[in-house]
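Pasting a structure here, questions to come.
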Amino acid sequence: MKLRKTAASAAVVLALAATAACGGKEGSAGDEQGGKTDEKALPTYKVAEKVDVDSPVLEKAQKRGTLVIGAKADQPYLGFQDQSTKEYSGFDIEIAKMVAADLGFSPKKIKWETVDSNAREQAVRKGDVDLMIGTYTINDERKKQIDFAGPYYDAGASLLVRKDEKDITGPDTVKGKKVCSIVGSTPLQTIKESKYGAKVTELAKYSDCVKQLIDGQVDAVTTDDAILMGYAADNPKKLKVVGDTFSEEPYGVGLKKGDKALQKAVADALEAHQENGDYKKAFEATLGKSGSDFEEPPALEEK
Amino acid sequence: MNVLLDHLDLFRDGFLGTLALTGASALISLVLGILIAGCRVSPVPPLRAFGTAWVTLLRNTPLTLLFLVAFFVVPQVLFPGINSFVLAICALGVYTSSFICEAIRSGIGTVALGQAEAARSIGMTFMQSLRIVVLPQATRAVLPPLSSLLIALTKNSAIAGGFNNVDLFNIQKTLSNDGFNILVIFFWITLAYLIITFAISGIFRLLERRLEVAR
Amino acid sequence: MSASVLYDAPGPKARARNVVYTVFGSLLVLGILAVIVWRLDSQGQFNPKMWDIFNYSGIRQNILDGLLATLKVFALAGLFSLLFSVVLAVGRLSDHKPVSWLCTGFIEVFRSVPLLITIFALWIGILDNLWSDVFHLPGSISVNPMWALVLGLTIYNACVQAEVLRAGVNSVPKGQAEAAYALGMRKTQVMTTILLPQAIRAMLPSIISQLVVTLKDTSLGYIILFPELLQTARLISSNTTIDGDYPYVPTIIVIGAIYIALCLALSSLANWIERRGRRGKTGITPAKAEEPAEEATV
């Protein structure tokens, strides 16, 4: 009994020491290059005033005073949340700021909500988030449940491997290899087909896959090249992206089904910022740093 | 009804997956549990301390945390390339072993001291008294908690479904991801678990009846 | 350690043998520990840089937020499950057969379904489906991850606690209820003033042991991505790079210590109440804290 009590109090002390929120270093922990964008190169966006869009979602947000945007938190250079500062950064985050500015919300008025891949449709449908901007591929299956504005970026499935990997050079060389992706993702279904014949591992998050890749539990991670390049740039000593893309993943902004006015407003905002150069600047300050070359944005189809 | 019939092979895989996870981890936890219980009742202090530490640490750690250790620490620290199924049954087995150890220990505790003393005084050896006097009585006391532990293990095995294992939870996730009505999926998954848990408690009731003696 | 069921008080020969076992046992245990520490060290897990992350106020605040989220879910689920368990237990003991059957069925079903399955179904929106597809009511019910976790924990633990309470009510000597009826008390009065208070008192250690299980199970929020303590640990680990490695080991050790400390604190409360209760002179012995009734252990 005595032993147990001592153990308990020792553990309590340890826990308190570890979690005491007072004191400690400021700033972000870990490596310097870890998923951080070039703050200085980021464009600033002019916040529109008196926005009048006939959209129930937007009216609610205006009454609330904040725009709730769903984003990813574990994808360096795309949608990434620094765990020391709780700040979001990345290309998707910049897109979100652009759109929000044109809808009349300054970055401070944005409430970020981390939404993971398999919860996105639900979050938009139930109204938990007003807009979903997080590597969100436009496809017909999803369009049954929600609407999109975009596409604002063309990604495509690719492969992430360890730096010393020699056998895997592209999707044709993964036969019998263990390839990891997240539950229900489309590249995973593709690579499972007999044409490619990979053994698949399904985990909940891409960051879980990357960890397993580094540990040697799996041989490759597959998903959109933008996401993979972000990871490779975040950890250049251990990871690299190989091969050409083997699918098309146009990214869009997810919003509630039937809200045509909001869809148009978002599409207009995207178009305006693509034309005035903000889009390119934002890209070069974020994804561009991970080695992706800038390409002209795709034509807006959903508007 | 259609969800079940259209995806019968998925449900079958999930059902068998849950059975395999439960069975394999039950085996691991029984072996480990008996070993640790042996440590805890042994006359050797360091082994007793080891047993106590094992039980205290594992009983107070969430199983999900052990899964995290199994999937993100063990491959890095030991060696890579361990199959997800093996990692999952290790996490489940190690976790459950601490509870099984305690069940066995309290089972041995139910045997009256006089019984063992009587056995020794009529000249039985250690093995004889263990085999003829102590264990048969302890087994009877251990069976009911063991049954509920195995049922709990069945339920806990669902967590493995979140870590790249095909089991009933994984099927629930896959089907709801494909947009089927969660109400219907939940109904069939529940039924599957009810079948397994009833089977386990049925088997143990049968065992208890076989071992029952008039006192 | 004198005699036990398994072995007699050791004589000189056995004592000598035990010394040998002690040496070998210690070497074995120390050996296993050494291998683990050596492997961790060779992977750079004891590199001071790895542990430096806990010196940042942001990370500490993050862990604190996760801890508070876990405690909040635990407090809500603990409270609701206790309230609901009284309803279920009284319902199961009711003389009205339909009520009793309904409660029995509810308890048996939700005790057999893994908590994770229930939480996931709630998160996906099973309530909304029930609401609109089965009862055809207007509007919709939206369950966010936190409430999915709280509701799931409430339903499952209420079922287990209801069984604990039922055992408690049954442990009250029959004469007490009979005496109360003889005094002219009604059924509700007997239940609320005679049976339940004594049942709760007798079962308090078991109830608290089950609360420990509730606390541990809040970590299932990890699977539905609710930012409780474990999910926080995962995010800290995956979003921080240190020399091309991720601090999974340090974070898991710290978060694990917090969980163990919380659970041990609750269990020692159960033990304290049990010891204190034994001094009482109610004639009802409190249940042993170490073994919660039936399958409440895990």
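By letter and in written order, the chains are A, B and C; residue numbering begins at 1 in each of them.
FYI, contacts are C-beta pairs under 8 Å (C-beta built on N, C-alpha and C of every residue); 3 or more make two chains touch, one makes a residue touch a chain.
Model, not experiment: these values are computed from the prediction.
Trainee: Based on Cα centres, what is the most central chain?
Mentor: The most central chain, going by mean C-alpha position, is C.
Trainee: Farthest chain from subunit C, comparing Cα centres?
Mentor: Computed centres place A farthest from subunit C.
Trainee: Per the definition at the top, count C-beta pairs in contact and tell me whether A-B or A-C has more.
Mentor: A-C
Trainee: If you average the Cα atoms of subunit B and of subunit C to get two centres, how far apart are those centres in Å?
Mentor: Averaging C-alpha atoms per chain gives centres 17 Å apart.
Trainee: Taking each chain's centre as the mean position of its Cα atoms, how many Å separate subunit A from subunit B?
Mentor: Taking the average C-alpha coordinate of subunit A and of subunit B, the gap between them is 39 Å.
Trainee: Approximately how many whole Å separate the CA-defined centres of subunit A and subunit C?
Mentor: Here the centre of subunit C sits 35 Å away from the centre of subunit A.
Trainee: At least two partner chains per residue is the criterion; list those residues in subunit B.
Mentor: 56, 72, 76, 162, 173
Trainee: Which subunit C residues touch at least two other chains?
Mentor: Residues 124-125, 223, 234, 237, 248, 260, 264 of subunit C each touch two or more of the other chains.
Trainee: Can you tell me which residues of subunit A touch two or more of the remaining chains?
Mentor: 4, 7, 204, 208, 211, 214
Trainee: Residue numbers of subunit B touching subunit C in their complex, please.
Mentor: Its residues touching subunit C are 41-47, 49-50, 56-57, 59-65, 68-69, 72-73, 76-78, 96, 99, 102, 106, 108-109, 111-113, 115-117, 120, 126, 130, 134, 145, 148-149, 151-159, 161-162, 168-169, 172-173, 176, 181-183, 185-186, 189-190, 193-194, 197-198.
Trainee: Could you please specify the touching residues of subunit B with respect to subunit A in the complex?
Mentor: So the residues of subunit B touching subunit A come out as 52, 56, 71-72, 75-76, 80-82, 84, 162-164, 173-174, 177-179.
Trainee: Would you pull the subunit A residues touching subunit C in the complex into a rising list?
Mentor: Subunit A residues touching subunit C: 1, 4-5, 7-8, 11-12, 14-15, 18-31, 33-35, 73-74, 80-86, 114, 116, 119, 122, 126-128, 204-205, 207-208, 210-211, 214, 234-235, 237-238.
Trainee: Residues of subunit C touching subunit B in their complex?
Mentor: 1, 3-8, 10, 14, 18, 21-22, 25-26, 29, 36, 39-40, 43, 45, 109, 112-117, 120-121, 124-126, 129-130, 133-134, 212, 216-220, 222-223, 230, 233-234, 237, 248-249, 252, 255-256, 259-260, 263-264, 267, 290-291, 294-295, 297-298
Trainee: List the residues on subunit C that touch subunit A in their complex, please.
Mentor: 52-64, 67, 124-125, 140, 142, 144, 223, 225, 227, 234-248, 254, 257-258, 260-262, 264-265, 268, 271
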